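What follows is a structure written as structure tokens; I'll ask about it next.
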Amino acid sequence: MTLLWALRFLAAMAAGIIVLVVGFLIVESIPALRSVGLLRFINDPGWHPAAGALHGEFNLGPMLVGTLAAAGGAVLLATPLGLGSALFSRFYAPATAGRWYRRLVEVLAGIPSVVYGFWGLVVLAPLIGQWQPPGQSLLTGTLILTLMILPTVALLSEASLRSVPASYLRGTAALGLSRWASIHGVVLPAARGGILTSILLATGRALGETMALLMVTGNVVQVPRSMFDPVRMLTSNIALELGYAMDNHRSALFVSGLILMALIAALVAMAEWISDERLHA
Amino acid sequence: MAHFAIVAALAGLAGCSGQRDAPAVQGELSGRLVISGSSTVAPLVAEIGKHFEKLHPRVRVDVQSGGSSRGIADVRRGTADIGMASRALKQEESDLVAHTIAADGITMIVHRSNPVAALDDAQVVSIYTGAAGNWSAVGGKDAPITVVSKAEGRSTLELFLSHFKLAANEVRPGIVIGDNLQGILTVAGDPNAIAYVSIGTARFEASSGRAIKLLPMNGVAPTVASVRDGSFPLSRPLNLLTHGPVAPLQQAFIDYARSVAMRPVVEALYFVPIAP
Amino acid sequence: MPEAPHARHGARTRVVRGGSDRAATIVMWGIALLITAVFAWILGDLIRHGLPHLSWGFLTQAPSDAGRAGGIAPILVSTMLILGVCLVVSAPIGVGTAILLSEFSARGGWYARLVRRSLDVLAGVPSIVFGLFGNTLFSIYLGMGFSILSGGLTLACMVLPILIRSTEAGLRDVPDDYRKAGAALGLSQQAVIWRILLPAAAPGLLVGLVLGTGRALAETAALLFTSGYVDRMPESLLDSGRALSVHIYDLAMNVPGGTGRAYASALVLIVLLALINLVTAWLAEHWLHRRITRT
């Protein structure tokens, strides 16, 4: 029984971290919430917080839209690519090539965000800029973000695919199903839980990415009207301005962190609701 | 302080630095200096710190980054002994003392292929307020201008605004950047971009082959020399900050940082040494 | 006409039924080639600009001239120490929580759901927020200051969600037969978990560790505020130590002329990660596998 209590304690520690983080954000946000007020974070004409609580402007709306657009786009791209990568590594690649390919994806997971950001700034943005200036844009950010969350989806999905019992595969072979038919009809549904988890974790990563997006999205506070418009993420905003922000400005940045947390919590709740529906249906 | 005791016990297990426990020689400087603040100044102060440590083997200089406002907050709170700021102090910061250790000029840069050779103040204003949307309006080719500006709160932006007499929300940026190098790389990657960045870094990058060129300001060439003799109008001080009475170790470090011996170190990072 | 397929482990059937199967094969290979090509592109850039700066001295000397001369030895040591602290702290908590979620809670139980939801939200916290949080909690409140310990603990917080979810998934995928067989043999639940289930769940645990290690090495913003900027060789876990990712960031964006060495440092980081992953995989296959087949 002590084992159970020890495990419960460990789990409580793990779950408790988010409570501490949110508490920290709330404490740091209070000055801005008090002197600026929550409503102005939605209603003000723009984002010019350095002028102080009275004359400054604190609208977080465009940045929220930018964050959702980039993260959403990245998840939409990374899910099929990551799943395809996992399927390739598990079912289509010859044995040794598959192992090396997986090593490659594992290493992709460890490339620092600054390297992705730098490459995006020096290689990708000018390329896209030739197509449609200015180059640093929502599109560039989405592409870089896709690259960064791809390994999460690919590796976790692959682990899920590998754990599908061999008996299932023998069954599909006995039924004479083609490779794709057995994947599509049997393996994917069986691995569905793990795949959904991987997408959820990748979404979290996408919403929380800071450094790389700072370098490639252009950082203009506006609601993007096309993929080629520069946008600013909530996270980039914090990183960009924190080092020079004083008092209320600094506190306002923590408010944006809090709003981001609320966004993630909402997405997680929605994802759980959807998966509960599907799994128990 | 119980939590600190636990951590200290852990540290004891991990081993401690023994150097500071040996008896001190009379008059010799010893102790640890914690310096935190601007990420622009950090590499410079870290280098100076290494030289200082060689001179005074019983001293440890720990430099931390995190931004000018962090430096100010830390030195006020006592978390750091000295702060670093890449700007002059504001009125509400009169409880701190600034010791300037270098200067950093700010220049306009455009892509190397841009035919425009110089811009006067009025033209720069028209570009940055969005009035001139095309290079042809200022004597260049027919192409839309990509206006690159710095993020709010940055000292470079504030200097730019006060020199050209603009307010923050009059500027219509096409791209907003954080670091100097980000600005340089943006301009190097976009033939129609214009930005304002640190002179030293820009000079270095241009001479290393980066596709940018520096524009003179009101006829004054953007060089380290012109910043030094004061003829270049746009420059910001790099400061060490102290709060309250200055301990001997801190004073020794500040004096060393401002000494002639450290000029090559300042110049090696493409900043401008302050006049004697 | 389809031939009789052979069924073997990792069954690749020989039955090709035209249309969708062939299209699927093309798509999978296409995706793999696309990912490989992009990786090669990035790696090629890194090699082209970074290889000239790589040398034995680069790996063994301390940095000088703001990192533009000398090497990265103290930084490598700091990085490994930070990673070590992170894994030593997160592995027990992570595996323990995963065991609780998988073995001791009903699937829809409220405690398990709460823990899982908290972890999923934790996975989305921005790295810079973690840095500031870690600074406040570990460096200031718990008095650790800028230190490797503070950095490692902060990273442990960041790595936990993925470690736990991945290990839990691995445990849940172990067939119930194993548990029933263990019970039938009279083994205590503790023994079943430790000797049978965990080794069998090794793939899930492994992926969690690999992704966690990758995330830890790639993290910049969080470490800047916790383990700090000092590039001296650390003498204890309470010393501030610059991580490799922080060094890369500083050289690339802050120090004029540091770009070449930033690329070289990035190459070292990638090789380091690849080595760690190889070692982890080898350990998993030989150590855990041996345990399960022996019993």
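By letter and in written order, the chains are A, B and C; residue numbering begins at 1 in each of them.
In this text, contacts are C-beta pairs under 8 Å (C-beta built on N, C-alpha and C of every residue); 3 or more make two chains touch, one makes a residue touch a chain.
None of these values were measured; they are calculated from a predicted model.
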item	value
Intersection of contact partners for subunit A and subunit B	C
Inter-chain pair with the most contacting C-beta pairs	A-C
Subunit A and subunit B, separation of their C-alpha mean positions in angstrom	32
Subunit B and subunit C, separation of their C-alpha mean positions in angstrom	35
Mean-CA-position distance for subunit C and subunit A (Å)	17
Touching two or more other chains - residues of subunit A	239, 242
Multi-partner residues of subunit C (each touching 2 or more other chains)	252-253
Residue list for subunit B, restricted to those that touch at least two other chains	39, 66, 182
Parts of subunit A lying in touch with subunit B, wherever the complex brings them together	46, 48-51, 57, 121-122, 125-126, 129, 133-136, 214-215, 218-221, 230, 232, 239-246, 249-250
Complex contacts: residues of subunit B adjacent to subunit A	38-39, 66-70, 72, 144, 146, 151-155, 168-169, 173-178, 182, 185-186, 189-190, 192-193
Residues of subunit B touching subunit C in the complex	1, 3-4, 7, 10-11, 14-17, 39-40, 42-44, 46-47, 50, 60, 62-66, 79, 179, 181-182, 200-201, 204-205, 208, 268-270
Touch list for subunit C against partner subunit B, complex	64-67, 140-144, 146, 149, 224-225, 228-232, 235-240, 250, 252-257
Interface residues, subunit C side, partner subunit A - complex	2, 5-7, 9-13, 15-17, 20-21, 23-25, 27-29, 31-32, 34-36, 38-39, 41-42, 45-46, 92-94, 96-97, 99-101, 104, 111, 113-130, 132-133, 136-137, 157, 160-162, 164-166, 169-170, 172-173, 175, 189-190, 203-204, 206-207, 210-211, 213-215, 217-221, 244-245, 248-249, 252-253, 262, 266, 269-270, 273-274, 277-278
